[in-house]
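What follows is a set of structures for review.
Two complexes, one shared chain (chain A), two partners (chain B, chain C).
This part shows the complex of A and B:
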């Protein structure tokens, strides 16, 4: 009797089960596991102690955008017939990187970028880790440099909170 | 094992004690000009107390000290992101799964995201309109009806400007210019009108008697506008222009039936012995024959034709058979 290798073909499998003589030599089957396609971006796991702080933005996963939370970028580029969509996306990413780096460890919320005509408004909530003088300097610094690079007026509109706990929406 | 651990512990304690002793004898060693002992952990004398973070003197929210009868337009003069300390409204935003109040306005990023119109309150809009009034001119009194408007301003030109968020104000769609006018306002004669309609094709709308010309082939709005006016001029003059080959058109080339140019007219005139303008009911007959030939034979046109023939020849009207 020749040695036969079998794949996990169901009909062959059935055939093998019926003929016991061949079954002795059928040694191999492929094993497959269930497919694991899971959306994980923007979702947070529950911790054992339940003490992981979430802001409102973090508490709502991406599919809740436009239902429970709003976008972080507001512009007309991605509307029907909008222009400069690619440039706007790249510029927004650049602004986010620059702002988080300049205001290091101060932003408690996400950087919100709103565009109206040629004005770019950068909004957000920061902690009071700086003296007001330094904060005013950083506001001017950010507005001036971004305005020079992007060639349009930039405005920083910030709110401050005393403690990072103020912005916590829930603990998981 | 326990014993060993204890021994190790004792050793470490003794060592640390030694260290302390060394450091305590440090100052006396300096005096004797000997080598100083480097103590990395705790340099003596230079120890500074840790700076306590300064507590900022934060003022209470501005909205708490606002008078009730203040002018809101001065507090919020232009478009701006929401700020909880300035807006004296107890607004809340956010979705809470379990029963409870939505997040308050303080430290609420959702309120910052959405566009607000706090700078456009009704009194502010009224104030701005009053300021703009001095630049407005009254509507001309002579142009009180739509008919007069159409008569004096027959050309209607439409183009669009676009507002969008971008550092540039250029939009490629702004170049398109639409020119619209009534065909009757050109005052063409019948032949020229026929040629004009052939030239414009489906740009003519029969219901409203209007011609629409859309130009978008040039990159700028001004160029497209000029091109549209050029097209109008060219169409007008071309429709009056008669080419030599146009006179070669015979009866067989006609697109529609014209009673005045046909055999039927000649027959009627021969029958009555006078020109068709003098024959009674000849215009009704001509009209019915035109319709019969142009619209095709159906009950309506055939009935009209029968009636017209009876009228023309003074025959009695059709007898209804019961």
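This part shows the complex of A and C:
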């Protein structure tokens, strides 16, 4: 506890010190180049016609995570004391590639990967592009093969939509 | 709140009383009773899961949890249930195939400790270096083909397999008839497999001259166990004659076989002996043989004898034998399993056999108990009990008791497979629909079971429709029809005809919403008939009578436009549509034409009547003439059809008078 207090005080002290030096130099900087630190990742630009469909997930930029929308990967490996954080990230990427490839052109949402204990649950919204029978085949195939690969039980949790428009949140 | 007042208040009398009780009980506990800490109960790793699972019962409002909980993916028919589950299993199988084909890619060790079932299966070939341990492992894991292959490799590389291992291998190959069974992982395949294929069950399937026999021959000093294993294997696959020879051989050597070997011999009595008397003698001989050799009988013995008795035809001596047997085994302390009761039932309830109360007595013995599987035949009990209940006893109360027993504790595990389950419910539903008030049936049974637990087969649907017709409670018809559509019954001619007939015979003038429903159903059926594939085999035939009825149903709801469409169809395809509508349906159409002031349609209809050879078309024409003022061209047309209108008027009057 005392250590934290000390480090806090120390950083405050340093901050004050730096501010003092700036004031002492009394120099002003003028920025002549355009601003480059604009946040762009995970955001969609407005199209001229305003007809680009966004799902709820797409409509919310990354800083809305945990406020308006949730994460795409649910696990505890990045928490304090969590294990296998690198492996988890790579495996999740593998699962996403595998699932989008196996369920070709069917996923209408992001692939959500939830890990609890040794179970991996893969959730998502798919379109009804295949007959239910073929979907069951793919469910069995995906679950079993990913199970062999990741060596743990894998479950699919799917919801189907009749039309891709069903999950459009807004057009921009 | 006035706190001092509350404190100063004297506590009530009961306060002291309860204090005294407390004091007394405390001192008593110290004096006499000592708190006994119960011994720790050792729990398995999955016990807590099992305890949790017990708190959840089957939810009839949701599909089985093996299906995806999504409207598109929930099966709505029996075929759907089967194909969806099997498709998923097929997907799993292809994953297994991929793993087999690319075995080198699946050897990474992700799980710690490593879980062997995730790794590719070991494949042995001619050049594999195998050891005794490999063989032991293959036997333990019931890999029958692998075990045989490894054994041959061991023999080739001249490694000695000890007698104990040889015995284990012999038992394995005898039990499985030298073949791998369906992998235990594929539960759906096991569930949907047709188990009651009678032909397959009672036929010699033992592989003569197979590995098992070679192995038996290679044993230099066959012991009682060796003989027991091969005899059991042969009997299991109905190679009864050779098994009997081996039995005699072993008896000549003075060996004492195991109980199971004796049981297997009893089980194939019917293959060895012809007439009932000889069979009974044979069984008695074997039992006394066992007694002589000091081989204690077990549940398997009881079930084997009962099995043989049950297939002897309706024979009085067999029944007497059975009664004696049951009491004798009871004195031995061998509790019959559900399978034993199954055999008792099929002995007593044959076709055309006099009714007996055996099942009631059986139910008294086994009610309110949790049963676990003790014999392979145990899974036959519930389906046969319900069959007897419906076909022999026709007793609703008994059916309810059987159903309660099935849902008691974990007894549902004994239902067997999907085939037995559906037959069980078929008997149950047919019995209940015929013997309970329809409202009660629909509320307590239909709504509960259908569609998630059981989907009625067409025959059962027919029974339900019959009850609706008998009781005249047509309110259920819209619901039943929508169920029929989703269960794929809407293309069954007899059911569709039945629905149409019920609707036509139960007009609902005081219930407009029901009339509207009927009209919708009729239009739905019409559309279905129109849209069906010409080349389809079992399609619904389009007869004039059916069209007429559908038209009448539409007209009752004043759907004149749609009624006209059917009339046009009838008129246009008069040559191809077999049969003609009933006159009353055509009359109704003309009435509606008059109402809607459509003389040309009415005249077309009258033309149709005349072409179809109805004598009453004159009356229809005059009716039209009376109710509507017809112009010259219409009158001319009518005249062409029926001749003189006035004349026909007279004729119809005369007809009415003569009536």
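The criterion applied here is as follows: the second predicted complex is superposed on the first by the 139 of 172 C-alpha atoms of A that agree within 3 Å, B and C clash if a C-alpha of one lies under 4 Å from a C-alpha of the other, contacts with A are read in each partner's own complex, and residues count from 1 in each chain.
Just so it is clear, contacts are C-beta pairs under 8 Å (C-beta built on N, C-alpha and C of every residue); 3 or more make two chains touch, one makes a residue touch a chain.
Only a predicted model underlies this, so the values are computations on that prediction, with no experimental measurement involved.
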Touching partner for A:109 - first (chain B), second (chain C), both, neither: first
Which superposed partner A:166 touches (first chain B, second chain C, both, neither): first
Partner chain in contact with A:144 - chain B first, chain C second, else both or neither: second
Touched partner set for A:43, first chain B, second chain C, both or neither: neither
Broader residue contact with chain A after superposition on the shared chain, chain B or chain C: B
Partner chain in contact with A:133 - chain B first, chain C second, else both or neither: second
Touched partner set for A:76, first chain B, second chain C, both or neither: first
Footprint overlap on chain A, comparing chain B with chain C: 118, 128, 132, 150-152, 159, 162
Partner chain A, residues of chain B touching it in the complex: 54, 56, 58, 79-81, 83-85, 94-95, 103, 106-110, 112-115, 163-169, 171-173
Touching residues (chain side chain C, partner chain A) in the complex: 68, 70-73, 75, 80, 83-85, 87-96, 98-99, 106, 109-111, 114-115, 118
Chain A - residues contacting chain C, complex: 118, 128, 132-145, 147-152, 156, 158-160, 162
Complex contacts: residues of chain A adjacent to chain B: 55-57, 60, 67-72, 74-77, 81-84, 88, 108-110, 112, 114-118, 121, 123-125, 128, 131-132, 150-152, 157, 159, 161-162, 166-167, 169
